[in-house]
Amino acid sequence: VTDEGNGTGDPDEQTIRIGAFQPTSGDLEYYGQSALQGFYCGLAYKYDDVEPVDTLSAGEYTVDPADGPTFEIILEDTAFDPDTARRVAEDLVVDEDVDILFGGTSSDSARRVIDTIVPETDIPYLCGPAADGDITVSDEYCHERVFRASEHTSMDARSGARYVAEEMDISTVQLFGSDNAFGRGGVENYTAVLEQSDDVEILEPRFTEVGYSEFEGMMDEAVDEGADAVGGVYTFQTLPQFIGTAMAYDVQIFGGFAELVTTQVLGGAVVEALGEDFTAEDIEESGLGPFTTRYHWNQYDNPINDAYIDMNVETYEQVPDLLSAGTFTIASALVQALEEAEDASSDAIIDALTGMTVTDTPKGENGYQFREENNQATSDMTVAYPVPTSEEFEETWDAPIMPGEPIETVAADEAMVPADELGCDRS
Amino acid sequence: MSSSDEHWIRSYGRDQFPHVLVVLGFALYPILLGVLNRTPLASEASAFLPGLTFMIIVLYMGLFAISFDFISGYTGYLSFGHAAFYGTGAYFVVLAANGQVPGVPEGTPFMVTMVLGATLAFVVALAIGAVSFRLTGVYFAMLTLGFAQVMYEFIRHWGYVSSNPTEGATISSGADLSIGVPFVDSLNFAVGRLSGDSFENVLGLGIDVSATMTSYYALGIVVLLSYFVMQRIIHSPFGKVMIAIRENEERARAVGYNVFWYKMGAFATSAFFAAIAGALFAAYAGGASPDNSFYFLVTADALIMAIIGGIGTLAGPLFGALFHEWFEDILSTESDGLSTYLEQLLPESVLTAEVAGLTINDFIGTFLDGRAPLYLGIIFVLFVLFVPNGLLGSIRDRLGGTVSKRFPAVLDRYRR
Amino acid sequence: MLLSTTNLTKQFGGITAVDGVDFTLEDGQLCSVIGPNGAGKTTFFNLITGELEPTFGTIEFDSSDAGTVEITDADPATTARLGLHRSYQITNIFPTVSVLENVRIAVQAHRGNDSWRFWRNVNSFDEHFEEAHTILERIGLDNDANIAAQNLSHGEKRSLEIGIALAGDPDVLLLDEPTAGVSSEDIGRLTDLIDDVADDHAIMLIEHNMDIVMDISDRVVVLDNGELIADGVPSEIRESDRVQQAYLGGYGQDDESDEPADDSETGVAAG
Amino acid sequence: MTIELTTEVPLVIDTLERLFQPSTIARIIVEGLGKAAVYFVLAVGLTLVFGLMGVLNFTHGAMAMLGAYIGGLVMVLSVSDGTGALVRIALFMVVLAVVFALLTGFGSAFEYSLIRPIYDRTPMYQILLTFGVALILEEVTRIVVLSQGIQPEPPWSGAMATAPAAFTERYDILGAPIRGLYAFEIVLGIVAVVGVWLFLNRTLYGLYIRAGSEDPEMVEALGIDVRQAFTIVFGLGTGLAGIGGVLLMWDPLWGPSALLAIDVLLYAFVVVIIGGLGSFKGTVAAAILVGIADSFTTWLFATGIVTFTGLPELTIFGLLVIMLIIRPQGLYGVEEVGGH
Amino acid sequence: MSVLELEDVHTYYGESHVLQGVSLDVEEQEIVALIGRNGVGKTTTLRSILQLTPPREGTIRYRGEEIVGKDTHEVSNDGIGWVPEERRMFGYLTVEENIRVAVKPDDDFEAQREYVYSLFPALDEFSEKEARNLSGGQQQMLAIARGMVGQNELLLVDEPSEGLAPMIVDQVVDALETASEDTTMILVEQNFPLAMELADRFYLIDHGTVVESGSTEGVTADDERIRRYLSA
């Protein structure tokens, strides 16, 4: 790890090799790109004299701030495929001997890497924006060298469920989820919270294949059983079919607000149901929402966020997206760690990151804080209804709908999995 | 009678000569790469030559494709469900390594579990064959595909393999799988790029053997042995019966062959080696998932490799695999490739030059990165049209032709 | 008794192709089976070799190495290994492999477990090759040994048909119209071949070429509509009115007077 | 394995009770027929090309995919919020015609330029060629679609949105709420059956093709331009695939998506094989069988009696395996064609 | 003017040079026999005329018009019919369907079918049977029938008597003779006497070239010219 010069001494002369692996090709390249946008902006924000890297395709990039170490970023493409992710992560460690791993967009990829790569090396792995809760919640995956700033599905679920349970008058909830760790994990968390409120009944949750499209029968069943609210833990591959069907029923639909691509698709479903020129009211009446959001540009109002939005629009011609806040933060945290640490050795970085309160984050100063137990950064979440995209953002947010004003902000400690429910404890 | 003994020994020797060359080629390749990387041609090399990691894929996928060819190319029965056996081998070693296979204690040497897994596949093949060999042609192909897909669905939802079966199972760290002589540590070499063994300054020659190289050679040995076993069978009386079945099953029966059992034997054998390939893959990759083992597109890959290499020529599929992975490598950005190369080579001005509202950069991004399937499709079509007998097949034709040439006509049974 | 059938019957849907045939073949006999097209001759062969299963009736075979066995429901492979080998009316060979391999693979079939010796190279079984070559010489295709069987002309393929059947070292050889499409002059050679084979094999011969039939048969049986309507030495058959109107249609009566049957006429009413 | 099929007797009885309610039966049958209609249209093109010509056409799914996207495009461009149901249906018919014409042409060109040269080779090579072309078609489609800012993987909801409300609404049949689209699909299915039947029985093409797939040389020698016949039939097969695609465009269970390239192909194969190669009757029967089986398992899954998520896949391939085991040559296949 | 003229025709299978300059011509209404040993190129000659294996050199004129390079179906529609050796049934088609394929679309199918059945009653019996289930001889009849229903002006017949029982052979001979009243014919026949009986003229082929030709009047197999090439 610590190649010459990195051992000790003034960080400014050091070179930090960051091995990044994200999907930068194929249908889902957008995910990788928005993750990278966040990371690059995070780095650039910390130093006044550098710009964010503006190419988002695989290759080698150097960020060399005057008053900081030289960052060499080797970016490999995963094409959103776990096997490729594993292979390239391996390449990065073995062939490029990087000091730090960063990446993992699909939770499958992240978990594959944690399973097969992390145990065999001793460098820190900055995981994200993979959103599966288990990565930091279940002891199967959480690891002292794996840090995640990105918000995850359990947080969606908890903050969403809490709001549903407390603020809305519903009696019976039917939960749906994709039949994989992502879906099952999410559903578990919804259930966990909803169970606590005694005036909400939860029906046996139903799981389906990713991309399943025949929800009608199941919705009929649910309604027969008296469900007046449904939640779906799905990615964009299934969400549109699910929402599309659910909107035809007289039920409250809740879940997590997604990133641009899914929102486009979801928007499509909304247009399909409500016609071209719908209003915020139409949506609310149709029972769609409210949704929780991990981060959206218009949910937070603070100088850092403003600067970030400008920087992002400046460089990438779009507002920062759901996945970017977490990666912005992890970059910012890394820089902070290098500043705090007396040297750039893995151990030093790991020590510095552990339990760190990250100063510069899109959710405001000290907006994220790493938990000792599982190296997951805590942060606030918000709840908002989808609204038609306003003129202001037509250029920079290319979807029919966007999150409206937050109707509620869920404090970090509310949103996180309570310590006593954590599968792992490293503190 | 000695005279003709010599004769066939000599001819056997002639058979082996090309093999020697090929084996040498594979054996020296890593060294060649190493050397090239110290020359000015380094970037070209890493852009246009298959990296070692891809060569390892060539080894196990090649073996899989060979096993596929063994049944499909020589008996003419297309085994569209072959991935099922590959998957069986892969999952067996993974589960065994995690001590999840009843009766197979944790820590059983990989060599042993590999053979056990292959034997299991052998048995499974007998079961599937018993039903499927009542059919011929497309019906046989579809039935085997059917079985494989059912197994695929099963494995994807079988909670026992892991907490998250759709994603597959990984070998718990610590259980490093090594290839060599079981129970003789000095003759065992752990595979895997990270968990594998590496040797510095081997025999004091100043040569360092990385874990990757170790894996490459270790897998190579197994693949080589498997190949020779299958090659032996093809050149044996049994192999001739396989070909006779391909040529005219009815007549083969009429001259006294109980073709059913010959087909079963061939099918099970090919399943055995498919499983070996799967086991090697799982050991090297540290796990397996339904989609990279049991899924029918894995069979499709073997099919492509077999065709490109030359179906009905045992070694052909290996070259098919080489070609296939080579392409994957050049077209993927993994450890550099064409697009990375271009981006480095071409000056910024060119890259950002607009051509019909599309910069070269966009072009590369859209049409090169991760678009290997597109170009493989094109290459594949060209092969089918112009090199029908595949790489090796065509070469052998030049040399007077062997089985490969005779494959056509055979699958006429696919018409009815 | 070498081969015998009792009440052998085969029905296809409506028609009865073979109808209660009782037939016994003795050692060393050359027995021709004649009859109109569609009489059931080929079906009769198919029943004996197991290509078809009889609707009723039984078949018994006295195999040189297995003794007397009932083979009524035996499959073709079994009957072949017991020593019943046949050639086909419609050419049925291994098209894309060499003429030699066509015969060799048939030789290998009756060499016990050789075929399961997957660990040995074929080339180490010299005796297979020698036997194959002997047969190729016998059928006059030795020069074409290495060309692909499908590239033979029709007549050459007919010879190969017989070669493959011979290679099985049969106790009984069943030949289904071996001379069909063979040029008249080669018919002579082919007939000699059959005659020669007949010395050490029992043969059943389906043939529409009456000269051959009358010339080389020890015995002739006639099928008509699946029934065995006549059985005897050639001369008897030739005279039998029943056979005359069922099949021969005048053959051997008037043209007797014309010219003495000589080579030039070999092939009258043959194909 | 997560098949949580509880076997407590009461539950089984309860299941049967629920099954034998008229509403359930009605739902299973009507939906089943609707699906059957779709399956038929998807498979019939393959029956022509695969069953008759013996060319296992791997591009079939890709062609359906093209049909779906082209159809979707035309609809999206021509339909606005205001457009009434009838106009939409009329447009749909136009689209059907257009797509059919386009793909028939495309298919013929494809056959003429790429497949014709290799008929003299074994069918194997035609399989492989079409397989390669399928790869290319799918990839290119993905690139194009993506470049238009449409996700190729989840169905293209924009196109699905153009369906008239009457189709997405659900009507009460014997107490079972049934989507209007099913009726439409059943009608189109019947039209397709009749159309193809007429083609096969009122023209000699069916005969020529079957003969040609056995011995093209002989057919040529009888004065029939068998190559041209193949081109025409292959074109029609492709055109039918396109129509199938258009049908999927409005179907919430499918919708335009790059995934069609594989999904349609697999379903069509299974239907054709279950029906028996080259048998038109068989294809109809198999489509109905698969359709009903599908809607039945869907019901089982919806009611939560079976919660095994792999059920749909398992249904179709399970059906295939069982069919081939008990009746190797398929429902109406020729004995010898299947096995011995 | 002669119906068909072959001039120095050379035909190959891959590299093997099978027809090495065949020249022959056929006059209106006559039956011409091609004789020769197995494998000399008789069938290949017929295949060359039909453009199934187009000649590499030489010309073939049908009614004065060059047909080399035409498609087989065009040649066939010009009125050249074929009765192939080894029958070439469409095995999975019924007897009736086999005939249906052979009858020209614009022709009266019913009539033609009846004509065939009157020629070979055996076929009538099995009209619904798949051809592969016919006996060898029955298939041969069907093959000949197919050649006769195609409104052909020139019929190429390859070994018609193969596998036929003596009585049937007589039928076939009659059939061919009737047909020949308004059809010209090239006949390949191994049964030498039969060939001589049917044909007006003969061409003797050996090693891919015509070595003898002339009227069949009184020609027997022991005729010196013939014997030289035929007898082994």
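For reference, chains read A, B, C, D and E in written order, and residue numbers begin at 1 within each chain.
Operating definition for what follows: a contact is a pair of C-beta atoms (placed from the backbone, for glycine too) under 8 Å apart; a residue touches a chain by one contact, two chains touch by 3 or more.
Only a predicted model underlies this, so the values are computations on that prediction, with no experimental measurement involved.
Shared contact partners of chain C and chain D, listed by label: B, E.
Here the chain-to-chain distance from chain B to chain E, counted in touching steps, is 2.
For chain C, the chain whose average C-alpha position is most distant is A. Using the mean of the Cα atoms as each chain's centre, the chain most removed from chain B is E.
The geometric centre of chain D is 46 Å away from that of chain E, both derived from CA atoms. Once the centre of each chain is set as its mean CA position, chain A and chain D turn out to be 39 Å apart.
Chain centres here are Cα averages; for chain A and chain B they lie 38 Å apart. Averaging Cα coordinates per chain places chain A and chain C 80 Å apart.
Multi-chain contact residues of chain D (touching two or more other chains) are listed as 2, 214, 309-310, 313, 334, 337. Annotation for chain B: residues touching 2 or more other chains are 157, 371, 407-410, 416. Shared interface positions of chain A, defined as residues touching 2 or more other chains, are 179. The chain pairs satisfying the stated touch condition come to A-B, A-D, B-C, B-D, C-E, D-E. Those residues of chain E that touch chain C in the complex are listed here as 13, 16, 36-39, 43, 85-87, 122, 133-138, 140-141, 159-170, 190-194, 220-222, 230-232.
Put simply, chain A touches chain B in their complex at residues 24-26, 29, 55, 57-59, 76-77, 79, 82-84, 86-88, 90-91, 93-95, 108, 111-112, 115-117, 119-121, 140, 179-181. Of all the residues in chain B, the ones that touch chain A in their complex are 53, 157, 163-164, 166-167, 170-171, 173-174, 192-195, 210-212, 285-287, 289, 292, 332-335, 339-340, 343-344, 361, 364-365, 369-371. Those residues of chain A that touch chain D in the shared complex are 27, 179, 204, 206-209, 211-214, 216-218, 220-221, 236-241, 244-245, 248, 261, 264-265, 268-269, 271-272, 275-277, 398.
Those residues of chain B lying in contact with chain C across their complex are 1, 4-5, 7-8, 11-12, 232-233, 235-241, 243-244, 247-248, 250-259, 262, 265, 405-410.
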